[in-house]
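Here is the structure we will look at, set down as structure tokens.
Labels run A, B, C, D, E, F, G and H following the written order; every chain starts at residue 1.
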Amino acid sequence: MTTVAGPSTLQPLRIGAATLGNRLIHGTGRFPSDAVLQACLEAARPDLVTLAIRRLALAPAAPGEVPQAPRNELAGVDLSAFTLLPNTAGATTAEQAVRLARLARAATLGDLIKVEVIGDERTLLPDPAGTLDATRQLVREGFTVLTYTSDDVVLALRLEEAGAAAVMPGAAPIGTTLGPQNETNLRLIIERLTVPVVIDAGLGVPSEAARVMEWGAAAVLVNTAIARSRDPVEMARAFSEATAAGRRAHLAGRAEISLQAAASTPATGVPGS
Amino acid sequence: MTTVAGPSTLQPLRIGAATLGNRLIHGTGRFPSDAVLQACLEAARPDLVTLAIRRLALAPAAPGEVPQAPRNELAGVDLSAFTLLPNTAGATTAEQAVRLARLARAATLGDLIKVEVIGDERTLLPDPAGTLDATRQLVREGFTVLTYTSDDVVLALRLEEAGAAAVMPGAAPIGTTLGPQNETNLRLIIERLTVPVVIDAGLGVPSEAARVMEWGAAAVLVNTAIARSRDPVEMARAFSEATAAGRRAHLAGRAEISLQAAASTPATGVPGS
Amino acid sequence: MTTVAGPSTLQPLRIGAATLGNRLIHGTGRFPSDAVLQACLEAARPDLVTLAIRRLALAPAAPGEVPQAPRNELAGVDLSAFTLLPNTAGATTAEQAVRLARLARAATLGDLIKVEVIGDERTLLPDPAGTLDATRQLVREGFTVLTYTSDDVVLALRLEEAGAAAVMPGAAPIGTTLGPQNETNLRLIIERLTVPVVIDAGLGVPSEAARVMEWGAAAVLVNTAIARSRDPVEMARAFSEATAAGRRAHLAGRAEISLQAAASTPATGVPGS
Amino acid sequence: MTTVAGPSTLQPLRIGAATLGNRLIHGTGRFPSDAVLQACLEAARPDLVTLAIRRLALAPAAPGEVPQAPRNELAGVDLSAFTLLPNTAGATTAEQAVRLARLARAATLGDLIKVEVIGDERTLLPDPAGTLDATRQLVREGFTVLTYTSDDVVLALRLEEAGAAAVMPGAAPIGTTLGPQNETNLRLIIERLTVPVVIDAGLGVPSEAARVMEWGAAAVLVNTAIARSRDPVEMARAFSEATAAGRRAHLAGRAEISLQAAASTPATGVPGS
Amino acid sequence: MTVAIVLNGEPAEVEAGITLAAFLENLGIDRRRVVVEHNRRVLRGAELEAATVARGDELEVLQLVGGGA
Amino acid sequence: MTVAIVLNGEPAEVEAGITLAAFLENLGIDRRRVVVEHNRRVLRGAELEAATVARGDELEVLQLVGGGA
Amino acid sequence: MTVAIVLNGEPAEVEAGITLAAFLENLGIDRRRVVVEHNRRVLRGAELEAATVARGDELEVLQLVGGGA
Amino acid sequence: MTVAIVLNGEPAEVEAGITLAAFLENLGIDRRRVVVEHNRRVLRGAELEAATVARGDELEVLQLVGGGA
């Protein structure tokens, strides 16, 4: 017997110094509490975790008192098990993104950066020129750059040319959980690029994570769809499972679609027929 | 801390005497070999396995020789670990389906039967009247009837009224692997019926299994999509994972779709903004 | 020059005694007023118009007074220009449908009947068995039967076998204006049947009428999408235009889809390239 | 009676000096012959017609002979009835596009230019940076610029800011006839921009033209879908009709989608119910 | 003298022996705009003049109304 | 002596009066892997020992095979 | 005497000092159907009469052709 | 004596000449959990001990927070 079903292991994905056995990249924003976030991370067991960098809120002190820094939402979360992927969220220009990236490097002691330059406050869709400029600059400064972008195919090619270590087209506008809106473009990007393509933003349910992995995406980034589920912990687990299932299916190769129906049961040998 | 991420277990599905911890029902037709089928079953670890009943091929014997029965494709497969779900595939009338069901009961020593009455040889889509008649008759004879049907909502309601233990609308014509064609009707069937709804026929990739489970399907039946994959064993595993992920996501509840983009990173506290 | 663009005329559709130059069948229910309905009919210029038959509301008379029949909503509408297609809407059994059909024949002095047997009050989807029985009975009584049905392919085949002059699968549940939900099944029905296939129920916008006509539907029936538009008259006109455009496109034959991009402008002869 | 169905006229679209009563912009490439193209233009009756500019093919003359220019494919076509919209197809840089635009201005004696800067030879998708640069430059030179772009929302906003008189996002890659791939983005572009949005490239059938017009597109550009139809003349006519129908439907306002079925026939007054 | 019948599904009293044509006229109903079913039998044209109402009859008076699906 | 029967839809000659158990054994068929229908009646276990074949009988010998839908 | 120029991207020999109008006429080209770029400058109407060809000139002669996207 | 600086984008008064390390300590801020930018230059580790605050300085004190996209 030539085929044996032993335990199956999927090859990890490498992006710069990061190794992703689990191809679900887990966000840390918009969770109901840090306890829930911690539980999600324990359930999903990601390798790469995104976070952001922001000004410490310095509460104005009453006269004669020491001002208090408010509790950080990540305070109760043990991030030591994860590789950190800080983003430049909040930047609307390449300059801001570069500045945030440098701060993030000092804060995480790592070179990974997710470039995000927003071009439109209403849709939070990325600015093509700013995104490309920030990528170029940060590659020059030695960062391992993963760039959030739209589903524009040529822009994705340009980002690869600019030295991005991974390109991260959005499935749909950030936070909408609408799921993949442009299969054609996302598949073209996956097909045309040599660097890993990570589907970012807008995924809503685990089946959509599986679906883009089946297309050949290298990984997915999920945040709102987990954080805003009724049960974030189980949803985190489900995204983790579905991402692996989609990867596995991609490698196995789908059965060919047939426009003709075909019985999976033998057509002959039926009594009385 | 109120939320703890311990190991999560999904409640099994009960249909008559069958208990499905794994909600992937695994077919056994069209596999490249019985060795591959055996390996798939070991990888996917289903609880319920479909099979069919057919005339034994009695090879014409040469004069003076004993005729030989050819090797049965299930010969090398250990089915003892599974609950068996024989089907009435091949029937084009209610009478044929009833006859096959009685034979199947004797062969499997169980009362589970998947009713299938084909109404059109080209599309292999089910015959509404014959399907309903066969269901009624077999319920009367004490079978636990799971009925394959189209995505017709009223027919599904009638099958439930007729006593079906589960109703199995097809996602797409048998063997096409086209995936779910009518989300509206499938979701209406899931919503309106009290008995378990199992999505049968036409699923192509694990993400589609996850998707219908997210809608609230109780289980899925997959055959061709596994058997005709380039790597059936890994595909079987992927379908098993994706089905569980979809179930889990259904229970967790999806994040609400927002037509408005919303950052998962705080909007304030960005330097230089 | 072999191709000449003279005025183009589309061949009319014949169903029994009806001749449809305009393949938009126009409903008459749910309009804001009979004046609006009249204006819609003048704008859309259909050939076939549906209506229903209902008990005359007999207002209880005060003692000594003659009871008054309330104003009929069709009162102000001139139907003389149209062929009338009464329906059996309201029927939930074959018997009721047959009774309504006989009354409709007396009322319209025509043999056309649209059979409609509802099987589920919530979704208003048709009852397969009742629909088939009513069709058989009315064909026997000499009616020209157009049968409203689901998108079940085999049921559509059975209705043709039962003698239906046209089969009318719904695009989506009645009144939803969701548009075509199951392209695969609707196209299979169009392809497999010999009698005209009229897409009924659930169309929402003119582009959907055009789309199903492009698939090869013989006609469309539209009511709610016109009646509940902000401007029913212009919407009626738009549906009429789009239906013709879709028919024309079907006959012309679509350009083949190419997964490869191809310039419609010559690739060579560009200065400086 | 307040609503009267007189003849309906749609307001024309104005882009710079062009006035489009017919919102179908008609291409002139890839036609089987100039005779067919002429017939299409007579059938569709567009106001705006695209064309390209290319080097005259100067056939090498034999010694002592005058070299002959080959027959121009537009030779037999009377363009005098149309406003001409030359494109910069063939350009892969902003510089080339500007050069072609200047030549086109001399050739057409008009200021209209369709900017097209291709960024990828395989998909013919536009180059974001080059497209934006060419638009800026040509606006500066006094052209009325209509810019072909991807479905990237922020890029579309930037093109408007750059002074484009119209923005022309592609429905799908040029020449594929795949139809609109990203409804979300196309609708966002239509909603967010003040200048007219013309859907360009990749439309395949008239129903798709109607659909994007229903979304609020100001116009559509169609070439391959007409030129490569089996009957280009009738297809041209169908696109013209469908474009008008879609515009009309947009103005009329679609009936609200209801997830609940609702009869268009009164529910009461049915005998025997 | 009146007799009890069922009219459009409701109990009603009508003049005994009246023709259906007269019955409709009394109600002010234009015969050309309605269709009448008498004890499950559809009556056409002149049949309304001939048919008379008796105790226990089932009478349905219907008309065409707006409808689509 | 043999009699004519219909076996799995095809004409066949079998030894007259043979039990179904013996018939299967003669064909080298493992009884535990098949199911037998005799004149449209499904036989179970010991019934195979008792039932005998007569002229004109319809006999079906079936087995479980791979199948899905 | 001829001089070497670049005509539509290809090397060509033309009569020295000829006007562009004459050059087009010699080639049998209808001036109303083409547009001419002379050393990257687009010439219009009467400019074709004035401009003359010199050694090393870049000349482009273009026309409108069918195109869409 | 204090000097006016810009702290996280807001005007603030701080002790003249204080080191950044001391400044953070006075605010009760754990140095390991923040990152500091001093006049657009990111300071690391020991640099906080060396750098002192002067009039008009721009100081940013940031931390990692939850975020995704």
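Assume a residue touches a chain if its C-beta (ideal position, glycine included) is under 8 Å from a C-beta of that chain, and two chains touch if they have at least 3 such contacts.
Please read these numbers as outputs of a predicted model, since none were measured by experiment.
Novice: Just to be sure I understand the contacts, which chains border both chain C and chain B?
Specialist: For chain B paired with chain C, there are no chains in contact with each.
Novice: Counting C-beta pairs in contact, which chain pair has more, D-G or C-G?
Specialist: Ranking D-G and C-G by C-beta contacts puts D-G first.
Novice: Once you find the CA centre of chain B and the CA centre of chain H, what distance in Å lies between them?
Specialist: 62
Novice: Centroid of chain C to centroid of chain H, CA atoms only: how many Å?
Specialist: 73
Novice: Where in chain A do residues touch at least two different other chains?
Specialist: Each of 27, 29-30, 52, 54-55, 87, 89, 99, 103, 122-123, 125, 173-175, 178, 223-224, 227, 263-266, 269, 271 in chain A touches at least two other chains.
Novice: Would you give the residues of chain E that are in contact with at least 2 other chains, written as numbers and ranges?
Specialist: 8-9, 37, 60, 62, 65-69
Novice: Pull out all the chain pairs that touch, please.
Specialist: Once each pair is checked, the touching ones are A-B, A-D, A-F, A-H, B-C, B-F, B-H, C-D, C-E, C-G, D-E, D-G.
Novice: Which of the residues in chain G end up touching chain D in this complex?
Specialist: 7-9, 26-29, 33-35, 37, 40, 42-44, 60-69
Novice: For chain H, which residues are in contact with chain B within the complex?
Specialist: 8-9, 37, 60, 62, 65-69
Novice: Mind pulling up the chain C residues that touch chain B in the complex?
Specialist: Residue positions touching the partner: 119-120, 122-123, 125-129, 132, 150-155, 157-158, 172-173, 178, 181-185, 188, 192.
Novice: Residue numbers of chain B touching chain F in their complex, please.
Specialist: Those residues of chain B that touch chain F are 27-31, 37, 50-56, 58, 66-69, 72-74, 84, 86-87, 89, 99, 102-108, 116, 148, 170, 174-175, 200-201, 221-224, 227.
Novice: Going by the contact rule at the top, pick out the chain B residues touching chain A in the complex.
Specialist: Of all residues in chain B, those touching chain A are 1-5, 8, 27, 29-30, 33, 35-36, 38-40, 42-43, 52, 54-55, 57, 76, 87, 89-92, 95-96, 99-100, 103, 122-125, 173-178, 204-208, 210-211, 213-214, 223-235, 237-239, 241-242, 244-246, 248-249, 251-273.
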